[in-house]
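Chain naming follows the written order as A, B, C and D, and within any one chain the residues start at number 1.
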Amino acid sequence: MLSLIVFLPIIAGLIILAVPSSQKQIIRIVSLLAALGQGVLAVLIWRQYDPTMAGIVAASGGSPFGSFQMIEKIPWISLDLGSFGPLNIEYFLGVDGISITMVLLTALISAIGVLSSWTIQKQVKGYFILYNLLATAMMGCFVALDFFLFYVFWELMLLPMYFLIGIWGGPNREYAAIKFFLYTLFGSVFMLLVMIGLYFSVIDPLTGHHTFSLVAMADQANYIKGAILGPDSVTWRYAAFIVLFVGFAIKVPMFPFHTWLPDAHVEAPTPISVILAGVLLKLGTYGMMRINFPLFPEVFQAGMYVIGVFGAINIIYGAFCALAQQDLKKMVAYSSISHMGYVLLGLAAANSEGMLGALYQMFNHGTITAMLFLLVGVIYDRAHSRQIDKFGGLASYMPVYTGFVTVAWFASLGLPGLSGFISEAFVFVGAFREEVTRPIAIVSVLGIVFGAAYLLWSLQRMFLGKRKPDALYDLEVDAHGHEHIHFHDWKGKLDLDARELTMLIPLGIIVIALGIYPMPVMGLLTTSINKLVQVLAPVAMSAVH
Amino acid sequence: MMHSLIQLSIAVLLLPLLSFVVLIFFNRRLPRGGDFVGLGLLGTSLAISLYIFWNVIVQHYDPAFSVAWNFTWLDFGNVPGVGPLQIKMGIVIDNLTAIMLAMVNLISFLVHLYSTGYMHGEKYYGRFFAYLGIFTFSMFGIVLSDNLFSIYIFWELVGLSSYLLIGFYFHKDSAADAQKKAFLTNRIGDIGMWLGILILYSQFHTFGYQEIFDHIKNGDFHMSQAWLTAAGVLLFMGCVGKSAQFPLHVWLPDAMEGPTPVSALIHAATMVAAGVYFVGRIFVILTPDALHVIAFIGAFTAFMAATIAITQHDIKRVLAYSTVSQLGYMVLGLGVGAYSAALFHLLTHAFFKACLFLGSGAIIHAMHHEQDMRWMGGLYKKMPWTFATFMTATLALAGLPLTSGFLSKDAILAGALGFASVEGGGIFYLIPALGFGAAVLTAFYMGRQIWLVFFGESRTHLKPAEEHGHDAHAAHGHDDHHHEVHEVAWNMRLPLVVLATLSVFIVFSPDPLDGGKGWFMHLIQTPATVVASTGAAHEGAGLHVPEAGKLLAEAHTDTQHVEAAASHEAEGHGPVFADPRQAEIAHMTHENHYTAIKLSSIMVVIGIGMALIFYVFRFIDPDKTAQAIRPLYLYSFNKWYWDEIYDATFIKGSILISKILAWFDTNIVDGIVNGVATIFRKFAFANGSFDKYVVDGLVNFTAFTVQTTGAVFRKVQTGKVQTYLVMVVVAVLGYFAFYLVHLMK
Amino acid sequence: MNQLTIAIIFYIFAAVTVLSAAFVVFSKNIIYSAFSLLFTFFGVAALYVFLSADFIAVTQVVVYVGGILVLLLFGVMFTNTIMQTGLKADVLHLVPGILLTLALIAGMLFTFYTTGNWMPGVMQLNGSVVESIGLETMSRYMLPFEMVSIVLLVALLGAAYLARYDKAQKK
Amino acid sequence: MLTEQLLSIGVNHFLTISVILFALGMFAVMTRKNAIVILMGVELILNAANINFLTFSKYNGGMEGVMFSLFVIVLAAAEAAVALAIVINIFKTFKTVDVSSVDTLKE
């Protein structure tokens, strides 16, 4: 099942490979079918999933795979390295509460991405092959339970992203692509080192050999005394944690390592921006929750405060930078930096509310930001520019579009009744509950105001008021005194057309529904999160009272 | 099993939402923009909430009445360190809820009715009713919700609907600015409120009022008392934002950019009062320190706003500032512990202020969107209905006897006096002083307004031509030629009449001088505080408790007090409080009741007298006076320059910071990155081939990081198989060397 | 034949092999290296005989000398720019190359001799292996044998295809 | 003793020769520009490998080495054919057989 959902896009990619590149429509439809198939499978998995099983670590006594579900575990590579002993890497998939939400998100966003790729005209075949490769890699990352496998998917994701930005991107695409590539590779190189270090310090209780299995790694009992990352080599464990954290933080992206994001977003085509913000950023925080924190809980407890501080910096700093942007897409990019800061803050709290808020925020940020980028794409298609000051008064002429923008913008600024609010709220609830992170939470609350500030300001400048004198669209008044506008060389429908609506409406519904009643998603999380909190932070339990 | 009232209240809650959903999607397809949908649904819910009112208030006439219901909204499972954790949402219906529900629903319905006339011919006519729908829904939510989380949700939702409605004429830049300003200012208040909620949650892991109160009562609050005070003040910040208290009052006057019915509904009667309602809800957890803060802010706001109101020209701005001032009264009332008085004022004010706004709307409508009072005048014979109702409401606002306003305002002032005397005078007498000062000013500016608008001769022709019609907005159907000013149609007149009737004393109390005899004061009684005001935690208490005791002592000595106390019981002025401080205040309030009546009546008379002197008999020419005290005049006319100050500091400041940070981001942070990249290039140039230099740079970079010699690696980058082969051989040799060394050992 | 003569013959062939191989590698003229490669192959074939793998030796002579070498010579003739291109590559010059090679030889020999002395096993191949090769080919190594034949076929076809006279280029 | 060693032809002798052959072939492949010489180097290397195979199979008994060397020879033939074809194509395209000048892939 999981293998199917992971490799379905690849299969589609192979089919596309066989399709002559002139048959653009067929290619598109094939990949759309693959994406929809993924969606269906995701829903099936969701239905089969039993939210009462925790996952995270090996269930004490119970199944050796930990209480993960839909396990697929077969030996993949096993070599005899002579004096090093056998190297056995497993093809090990499984889901728990943390990954299943991400699986749902990924399936959703991939489908949306395919739809929004419909307008790509340049080298359609190559584009969709790469796109499907990317889809597989993302899905794989979220279900892989073997560190090596995870790493493979992680790297596999890098390649198509590089080309998708570097070939189908905007004017400055090579720069952006290289930057993205360098940054992420930089992170993953260290991840590789840590991975090997972990391999040699963990013994799988089942086989008695070294293992890459994350489930085994997440259980501190399996670490060998005196091994490089064994329980007693404190220094190395700290180093490993930090290095690993940086590796993931680059993907998040966390404050000092965030500069690839705006460039990548500004240059990337709309669907890729959607994927990037919708799913790829989540991989960073997901990696932290799945690998970084559970494997080094004691280091994490020591580092909670620092992580929280970085989260706060992300929130405030991102909001301020967004406030200053003239390019709408860049503003949205910075806004997602700010929003990922909430995730970091929630993780730093290391209690159920915070973690739950963080994970829920990951999901919501996925949907909301996807919406934001789609909407930015819509206006960019029409005006071929994203300069906020070059519009004004659009609300009078594109009411439907304005409606969606309003929903998305308000969701993003955390308006109650829309999903963004609940996650942010519980991030704060969690962060405030801990003495450690309380001051950080108090500071970060400012982010709410500035978030509202830049969003409302851009909303006003683009949609409210009157047409700016140097606006990018022409205004004409017909005989009846009705005003009409049209963009230069835009032949399509002025307001949202059917394709754009089919992309936006589902997202909008999800955003609103999850804002009103979040249990459908939260219910999946709670058990796993509580378990994770137990693994992570015994201190969290003593912190209250 | 749900109580039938609960089911009904849920219906009341959801009907406006339904109206919103229907109208927002179908307003273009429905005839008349679907206003009948809004009206119909609101009418239904009005009927229901009146039934609830009847049931709660009239049938069980019981101060302690309360029905509650809740359901599990979020289930966090078994949270480590907390145990099973669930977030509940729920509804609580008590007297206050029932009254608020009826009030909000009534005014909302009247405004719907009124808008069918006022907004007629607007381009987004249907959308207007949709917005009214969602506003009403969220307002009901605030009134009904039984926990801090849901009230926060609806709190922000009313913010949203206010945002939408202020910006209803979004093509006007002023409106767009105003709506943004309103939302952001409220947001600032809200984060304070949110932090307050967090403080309480972090202790009790629940949002429900009742649980929190019980926990505090049982002394489960494990942080220092200062945190509790902070929680109180922070929660009050929410009210500061919503109810436009100083320092966040600046948004309300600008909010008058919205259509007048909106100003009446949201920015006079209901939403702005929500802040007061909320503070009332959490009244019991407020520590004396927190109450002092609240009292001072309220008093200051009341006074400041009144001083601003006396010099404004725009008819709606005058009313806006008077609203701020009146809200200040209510907050003051809460601060001084005159809980029921404050909420009483909330109710009465809602009616007469809504009446005033709708009246001013009628005038503006009739004057074709002329809002400047300088160009009005002599309307009383042209618009008799409007005049009559406006007059009644004005008197109520000014607080003349026989009006509802008198009862409530007097109760508040009495409370203020009592409070001051209990707190031991000194600085605390400032509060009633400011209160009375505001009373004078209120009477004055209302008198001024009445005169400028209704009396004298019409001054429309005086209006300078270039300003002419400059307020009229393009989307509105009316052209700006002057027709004859005429009385408005029935659908706009009826609300005025209803509201005016509700501003008469008899509705609330049989005794025109004492609201305490009325049903309201009986049903809404000051709840006993749950925080221990004595003890080390609250140093202020340490001071005043002894003298409170002394007061009690002498009070008991004089016999006249005893029957006072008896009558006090008889009149049902609430229980005798366990908490000495509250008991004292309640007692002294009663003592000061008649003083307050006398004083406030005098003040009102003074105020109206001044108005007459200035504007009616023209003993003193207002303009000359203005010239004489120009700096003061300007200071008041420019609203104490708050906007300018905020703009210079916060707005400009944050934009500046954002610019700096953006620069920092692109030049420093990114600069470092690019700097590293250029270092890569330096290595890479050695390899000759240009287009792959960054990649080579990366390879070299990794190579250098693993400390292999640069020279060999430059060779590597020739793309020749042979080179790689050489590398392999070298590596093999390396292995041999290693092996050799191995053997040596 | 006594041990001595065997030794002498062995050394002769060894010398032939090595020296000619060296000449192949070091000669400036590609024709010469091609021809001296011939001797190398012969020498190696002889060594095969010493290793009592007569069939292999024959195959060696037939395939290498008869096939590969001829191919090589054709290649040389065909790309008749022999004199023009200096043989030395710019990657690694002669001296470092030689040094590297010597180092390689030294390293490998060193390893050979230090990783234990190579005791001849109890039973050794003696006499001709032709028969056993036949048996093995038809029994154990059936599949590889077929595979190899297919590979060879494909390779030759591919070679022919690659090297065929291409009109498109001439135009 | 030494003479004894020298006279009794054993594993080491063959190994030594194969080593030398291998090294020479390696040298050719590493240093030569001319594709054909490189090919020759490859052949040398293959021969060296063969010698090893046969040596061990002789002194160890068993036919594996023999069979394998057989296959090696066949594959060598195939390889040579294809390689030469490629070289000729390269020559057709670039008018040279200098491998170091054939680096179009770089751009």
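One rule holds for everything that comes next: a contact is a pair of C-beta atoms (placed from the backbone, for glycine too) under 8 Å apart; a residue touches a chain by one contact, two chains touch by 3 or more.
Just so it is clear, the model here is predicted, and its values are computed rather than measured.
Novice: Could you quickly compare C-D and A-B and let me know which has more C-beta contacts?
Specialist: C-D
Novice: Averaged over CA atoms, how far is the centre of chain A from the centre of chain D? Could you give it in whole Å?
Specialist: So the centroids are 53 Å from each other.
Novice: Using mean C-alpha positions as chain centres, tell me how far chain C is from chain D in Å, no decimals.
Specialist: The mean C-alpha positions of chain C and chain D differ by 5 Å.
Novice: Give, as an integer number of Å, the spacing between the C-alpha centres of chain B and chain A.
Specialist: 37
Novice: Taking each chain's centre as the mean position of its Cα atoms, how many Å separate chain B from chain C?
Specialist: Taking the mean C-alpha position of each chain, the two centres sit 94 Å apart.
Novice: Two-or-more-chain contact residues of chain C, please, as numbers and ranges.
Specialist: Touching at least two other chains: 89, 91-92, 100, 104, 108.
Novice: Residues of chain D that touch two or more other chains: which are they?
Specialist: 26, 30-31, 99-100
Novice: Find every residue in chain B that makes contact with two or more other chains and list them.
Specialist: Within chain B, the residues that touch at least two other chains are 718, 720, 722, 726, 729.
Novice: Go through the chains and record each pair that touches.
Specialist: Pairs flagged as touching, ordered by label: A-B, B-C, B-D, C-D.
Novice: Residues of chain B touching chain A in their complex?
Specialist: The contact residues of chain B facing chain A are 73-82, 85, 149, 152-157, 160, 167, 170-173, 175-177, 179-180, 183-184, 187-188, 190-191, 194-195, 198-199, 201-202, 205, 222, 654-655, 657-659, 661-662, 665, 669-670, 673, 677, 694-695, 698, 702.
Novice: In the complex formed with chain B, which residues of chain C make contact?
Specialist: 89, 91-92, 100, 103-104, 107-108, 110-111, 114
Novice: Okay, in this complex, where on chain A does chain B touch?
Specialist: Of all residues in chain A, those touching chain B are 178-179, 182-183, 185, 189, 256, 258-260, 317, 320-325, 351-353, 356, 393, 395-396, 410, 415-417, 421, 425, 428-429, 432-433, 438, 441-442, 445-446, 448-450, 452-454, 456-457, 460, 463-466, 517-519, 522-523, 526-527, 530, 533-534, 540-545.
Novice: Please name which positions on chain B make contact with chain D in the complex.
Specialist: Chain B reaches chain D through residues 689, 691-692, 718-722, 725-726, 729.
Novice: Given the complex with chain C, which residues does chain B contribute to the contact?
Specialist: Going through chain B, the ones touching chain C are 715, 718, 720, 722-723, 726, 729-730, 732-733, 736-737, 739-740, 743.
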